[in-house]
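Following this line, the structures themselves.
Shared chain: chain A. Partners: chain B in the first complex, chain C in the second.
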Partner chain A sequence: MDKQTDYGTPASRNTEQQVTLDIDGHSITVAKGTSIMHAAMQAGISIPKLCATDSLEPFGSCRLCLVEIDGRRGYPASCTTPVDEGLKVHTQTPKLADIRRGVMELYISDHPLDCLTCSANGDCELQDMAGAVGLREVRYGYEGSNHLSAEKDNSNPYFQFDASKCIVCSRCVRACEETQGTFALTIQGRGFDSKVAAGNFDNFLDSECVSCGACVAACPTATLMEKTVIESGQPEHSVITTCAYCGVGCSFRAEMKGEQVVRMVPDKNGGANHGHSCVKGRFAWGYATHRDRITKPMIRKSIHDAWQEVSWEEAISYAASELQRIQSKHGRNAIGAITSSRCTNEETYLVQKLVRAAFGNNNVDTCARVCHSPTGYGLKQTLGESAGTQTFDSVMQSDVIMVIGANPTDGHPVFGSQMKRRLRQGAKLIIADPRAIDLVSGPHVQADYHLKLKPGTNVALITAMAHVVVTEGLVDEAFVKARCEWDSFQYWSEFVAQPENSPEAMEAAIGVPASDLRAAARLFATGGNAAIYYGLGVTEHSQGSTMVMGIANLAMATGNIGREGVGVNPLRGQNNVQGSCDMGSFPHEFPAIATFPTMPPAPCWKMPGADRWITSQACASPICWTLRLMVASRRCIAKVKTLPSPTPTPSM
Partner chain B sequence: MQDLFLNETAMYAHVFLPGCSFLEKSGTFTNAERRISPVRRVMTPKNGYEDWQITAMLSEALGYPMPYQHASEIMDEIARLTPTFHGVSYQKLEELGSIQWPCNEAHPEGTPIMHIDEFVRGKGRFMITEYVPTSEKVNAKYPLILTTGRILSQYNVGAQTRRTDNVAWHPEDKVEIHPQDAEDRGIKDGDWVGITSRAGNTVLRANITERVQPGVIYTTFHHPESGANVITTDNSDWATNCPEFKVTAVEVSRVSQLSEWQRQYQEFSQDQIALAQQQDESHIE
Partner chain C sequence: MITIYVPRDSSALSLGANQVAAAIQQEADQRQISIKLVRNGSRGMFWLEPMVEVLTVQGRVAYGPVQPEDVASLFDAGFTEGGQHALSLGLTDELPWLKRQERLTFARVGITDPVCLDDYLAHEGYRGLRNTLVQSPEAIVAQVTDSGLRGRGGAAFPTGIKWKTVMVAQAEQKYIVCNADEGDSGTYSDRMIMEGDPFVLIEGMTIAGIAVGATQGYIYVRSEYPHSIAALNLAIKEAYAAGYLGRSILGSTHDFYLEVRRAAGAYVCGEETALLESLEGKRGLVRFKPPLPAISGLFGKPTVINNVISLATVPIIMDKGSEYYRDYGMGRSRGTLPIQLAGNLKHAGLVEKAFGVTLRELLYDYGGGSASGRPIKAVQVGGPLGAYLPESQFDTPLDYEAFSKLWAVLGHGGIVAFDDTVDMAHMARYALEFCAVESCGKCTPCRIGSTRGVEVMDKVMAGTDHVQNIALLRDLSDTMLNGSLCALGGMTPYPVLSALNHFPQDFGLSEAGVNKKERAA
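And then the complex of A and B:
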């Protein structure tokens, strides 16, 4: 199985200046700031290492990656030494071989010699390094004090912590801090007594660990190991795919044995996740083979009858004949379909095509109706496109982050970790939420303002903030003049400037002191790149669409749109909420979010390859949105037949 | 109904078409940053067909053939039809890994940041946002506001995550109540609490916490028997009909048993599971 190359240290952030050096006789040109270890690996020269991995900042503790540099004293660690123009580096010399073998002897003298039966056999960096340095004997013996009888912690359902195999390289602790931002792990004790611990807790499950698995991925030995690997052994091939849970859309390598998934490993090249994941994506995929799974079609006449297992032919033909019967009895509009935002784009597209081409109506809706439909409407009205404006990576350029009605560390955990990374670098944080989400106060993260508004007062809050921006002269007028409809701005600024929209007038309704509203608005408008992230706490309100427009107004008025670090960012709940909205699975929208008024008059849409036109007249108004379809279906269950995948009943 | 499991909606269905998981099919998902990423089949569908094939079969039975051989052909059709997707193909996804739309002649490798030189609609438009308080108001009978949210280990109604070891972290939904509100009502941590709104009532265990402010209670909705949305109202967004799940006036009190709705739900779901198992047994015979 192909393994992803580990460059040992992260790539340099400097992309402009280049440096040329010599490593083992090879002339290498790399970005300034690159470590010697990373530069060597780019040239295919692998320097022995244990505490270094390219998802973490260099640490320089294992003393294995030492090199010699002409004209410099000693043996610098290649992970912590940056390249320099004209350096002449040697990675393999007799002296280095001697030092490395000595270091490995020490590690192995306190490590179980059960390689053949170890779960990491075939995927163990300690084993690889013993081979690389040519370790042949351990002169210290195994009789002295050691950690070989340390107990295993099996409390986490998905991975084991076997302290007897730990080399205390700190990769797990650093992954918990740098990658995940939870700070649940620590090194307890000093010297020989050093050990990895889940904070002050007895075990991983009871600790602050969120089971993201970053530590498991970072561990170079079998100390932190997926239980599925312990059970099944090493995978033999991998396929890159995309997680089916939340709207972050993490890229994963499904590591397989034949048709069995052994583990899911986040892909370092994943554009949304860069090698990170959460407990759901990395570990919670076992439902696919759960015993509750139904794999044979079933039919029944009444919901009080037992199900009858039938062939696919019979199920499809029964469904089709019932749909036709209902249509002939109750009319063409008596049937419809709801798709899930968990479905693929292709499935969602096909279902709306089925409805429009085979059902002959527009009675199609998606569960995005009950989550982010106000985003689609509000952003279309203001910006012209029903989608978030940024990449996730854009947050790394933000100076002020405003989170409204969203809980990224729970709902969009991998992006939540990225946001926390930026906050640890010093970005300011404004949270508007009735509840103290984890971001309000956590390890090395503290919200500058937590606007604890009363539920249902979002629009009052955003309008009051806009009042401060307009009346205190904080509008980015150059941006507004160049980029926005001046008339609409003037009309809007007069509206928000009205005294009844001031923080002082609104504070009682909102439940947040006017001084906090003013301070937060000033920070947002003047703190540099300001970005807004929001979730269902914005949309699932009677004024959901109004609030989305209020957010877009604030971003435009302060010039915070159209570049890195800013923007309006809906945190979409499901993996394909954006896609299902793009695929035309709304009654009033076709693919590409083209609405009826902008389409040619009916018959308005010709399916490519289809031999007939689809008329849209029947549903030119959105009469069959999910709620109404569901209400109709409760009254007359048989009328709504096709429902791929969502579970709307408990969602509603 | 098409799904992996006999979920809560399927219990009302007359035809159940078994679906397949993301591991068993090909396609694409588009994430919150407009990133189209490939979903690749890593195992044979346990139900025999990829989900899109089932839709195509139904369409054909209704007299409208959909003769696609592979999900990539559906994407080719989407790309032809949809200006923002003109440049998208499985081949390009293979080359680039993922693509952020718009991806077309103007942006052949996609568009990470939108509205850079001008807004998609040309000029940005400011909209008036007059605050209209929701009609869902607190009063003496319903003095608290319930709002809802998610937790890390579970996903939405939990059809999938409840069938994994993630239940170790969140085996049930609880209602968060501020210590002051709890004390006023004689509620202690872990008590069964009845939550009553104008729309209905349900019962959950109390989690007394200062995470919520006085006057506000909070719960998650990952377990169907919790019925969080049994007590939410019929209010919805004026423009799109998106339900107002986040604001419900309620009262809470200590109770000793589940609500009527929960008992009915338990009975109904047990009956429905039995109806599915009956056929299983007859099949085995």
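And then the complex of A and C:
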């Protein structure tokens, strides 16, 4: 199984300046701020290490990665020493070999010698390092102080904590802090008594641990190990896949043994998650091989019959003939389909194509109808595209983050962690939510303003904030003039500036002190890069589309559109809402969000460069949103609906 | 009105100074003698504490060590006029211990009322600050640099260069942090300054703030120093009230705020980066360097972090000029060092001398030889992580470079003497045990190595696989010396290897069996 390269320390954030140095005779040019360890790995030179891993900031505790640098005293750690122009670095010398062997001898003097039966056998950095430094004996013996009889903590259902194997590298503690931002883990005691502890509690399950698995991924030994690996052994191949649980869309390596998943490991190359995960994607994959899962085609003639397993050929021909029968009996519009935002672009495209080309109608819709269609509509109306404006990584450039009607740490945990990382770096936080979500006050995260608005007053709130921006002269006029429609802006600003929209006038209705609202609006308008993140607390309201437009207007008025760190960011419910919409899943939009013509041309209106499959019948058909489709199906107007995923039904 | 001095220094208090002071007041009241009782700092002669002084027309006359039961007889002897008594020591200024010192940093200690600003001002206090206020930051830093002052905490890094790094660093906020976590066994000069002349430290920190553009200072004092904390807080309060701290110092454009922070009892928090972590409210874990605290220190801001003595020496440099200070000393060790004599010595106490004085002079001329009367076998200089020096090295002058050549350190200037009954193998084991107890646990060589070191020493002392375990002790020392993250693990081999190299017989080795030139590095 291929292993992902570990550069030891994160890449330098400095992308402008380059530094050239010499490592073991190789001339290497890297970004300024890169660690010597990272630079060496870029050149394919692997320096021994245990406490360093490239998802975490350097720590400098294991002392294996020491190097020699010409002209410098001592043996600096390559993980904590940044590159410098003209450095001459040696990573392998007799003296370094001595020190490294000495350190490894100390490590192993307090480590069980059960490598052959250890769950990390084959995937243990401690074992690798003992081999790399050539450790051949442990002269201290094993009768001295040790942690070999430390108890295992099996409280967590997904992973085991075996303290006897811990080397106190603090990677788990740092992962909990830096990667996840939960701060559940710590080191208790000091010196030789130092040990990893989950909060102030006795075990992991009772602690604040959220089972994200970041500590397990970071552990270089068998100390923190997935129980599935303990049971099944090491995987032998891996498959890259995307988690379908939420709208973050984390990339995973499904580590397999044949057809059996051994563990799901977040992919470091994942653009949305960068190697992080939450409990759902990481551990809740039992469905993959669950016995309840339907893996063979089944048919039944009526709801009163039992399902019967049949061949694919029989299933498809039966479905096709029934669809034809219903259409011929009840009319062309009697059948339709609903796509899921958990499906790929290809799948949703094919479903809507089936509907439009084969069924000859527009009876197709997507589950996003019930969650984020106000986003689609509102952003199309204001920004011209029914899409969020940023990538997740954009948040790392934000100075002010406003979260409206969303609970990222629960609903989009991996993005929530990224947001918390930015907040710990000092970004300001405004939360508009009736609930005291975790972001309001947590470890090293504190909302600057928590606007506890009354449910149903979103539009009043955003308008009152706009009122402050307009009446206090906080509009980014240059941006508006250059990038927006000036006349429309003036119309809007006159409206929001009306006294009845002021925070004071709306205070009673919204339930938020006017002073807080004013202060929050000022912070949003003047605090640097300001970004809005919103969720179903915005869209799943009768005034959802209006609120989305209000959000977009506030962002535009303050110049917070069009660069990293700003923007309007809907937090979606599934991992491919955007794709499924773009693929033409909506009844009123063709693929690529092409506008639906109001009057059917003859022959069929055709998109530039589009396929020729859109029938004139489809163009002529009325649009039928999910709700109508569902209601119609119950009234037997639409007789058949095909559902690639069962999500929408319970959603309604 | 007769002025009588009874020290408030911890050393005097531990010997009954408060009871003596109370007895004197009571006796004076009974005899209807009007006295003014001043609680001064200690003169540094601990074998004479509590040492009571009386101000007479001839000068201050000393008596000691005084116990409460001596007080009545002192009055009977007319000590309020300097009368003779069995405890008479004569004029304080004429005492040889004091007369042969060069007290620059300790100029006022024992003389003034430590928490009285007027007394401080009357004894040349705040003259350095007044000179500072009319100079540019560059000029102040240049004056400190030119004085040759080096970090008195032990690392001996040039103070002026450290300040310059912070001065040129660009930041909205900078800090001055005083390292008053004086945890080295056998050292107490920081404490004596804080208890005996807190204003000089406050003045030094204020000057540092003005020099580098820092407006906030913290004094991180070990919790075992309650009297230091009390004295500092009293002095800081007075300084604020008189405009020497706070907004616009003495009407200038400079602000400087100062606060005492109480440490939590970890030796490792005397290491500057662990101190900063602790000051930030975190576990006292050592940080890696770079970045240096001067670039990214407290709360990630440029920070001057200096020892008490370094900062308390700045006022006299700013008062009398860099040449005045630089003219003391030898080689690259300029000025004076407050030396703390401790251990098996007849006369333990504080001696401030220009660099260049030899160990032998200190041990015999000042210390009076061992308290036990037996030969002095070894001294440990520079705290528990300092090397042991044998009698053959006693003529070494106190000089950073001279000590470095012997693979020893001056450290914070603490000297602990041992007579010939000491078992140096036991002392080596103690050094490792100390490291094991105090290790922060971050880096592997210190965390595991110190515990293994104690175990190896136990085997050496028991004679188990003797040759192999001596070799292992040396290998372990090498790993700790070269591999540790900070000086705690990195310097523990100093006492261990110096004991082994200088006193092989205590480790069960013949003298010939050891290559004396062997160095861990």
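Here is the rule we go by: the second predicted complex is superposed on the first by the 621 of 652 C-alpha atoms of A that agree within 3 Å, B and C clash if a C-alpha of one lies under 4 Å from a C-alpha of the other, contacts with A are read in each partner's own complex, and residues count from 1 in each chain.
By our rule, a contact is a pair of C-beta atoms (placed from the backbone, for glycine too) under 8 Å apart; a residue touches a chain by one contact, two chains touch by 3 or more.
Just so it is clear, the structure is predicted and the values come from calculations on it, not from any experiment.
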{"item": "Fit or clash - chain C, chain B, common chain A", "value": "fit"}
{"item": "First (chain B), second (chain C), both or neither touched by A:N407", "value": "first"}
{"item": "Partner chain(s) touched by A:L113 [first = chain B, second = chain C, both, neither]", "value": "neither"}
{"item": "Partner chain(s) touched by A:A508 [first = chain B, second = chain C, both, neither]", "value": "neither"}
{"item": "Dominant toucher of chain A (residue count), chain B or chain C", "value": "B"}
{"item": "Which of chain B and chain C A:K353 touches, first, second, both or neither", "value": "first"}
{"item": "Which of chain B and chain C A:P58 touches, first, second, both or neither", "value": "second"}
{"item": "Chain B, chain C and vertex chain A (Cα centres) - angle in steps of 10°", "value": "140"}
{"item": "Contacts of A:R139 with chain B and chain C, given as first, second, both or neither", "value": "second"}
{"item": "First, second, both or neither for A:A97, with chain B first and chain C second", "value": "neither"}
{"item": "Overlay on shared chain A, then closest C-alpha pair between chain B and chain C (Å)", "value": "28"}
{"item": "Residue ranges of chain A touching chain C (in the complex, touch as defined)", "value": "58-63, 66, 74-75, 77, 80-82, 95, 98-99, 102-103, 105-107, 109-110, 139-140, 144-145, 167-168, 170, 186-187, 189-194"}
{"item": "Sites on chain C touched by chain A in the complex", "value": "266, 268, 283, 288-290, 436-452, 455-456, 468, 472, 475-476, 478-479, 482-485"}
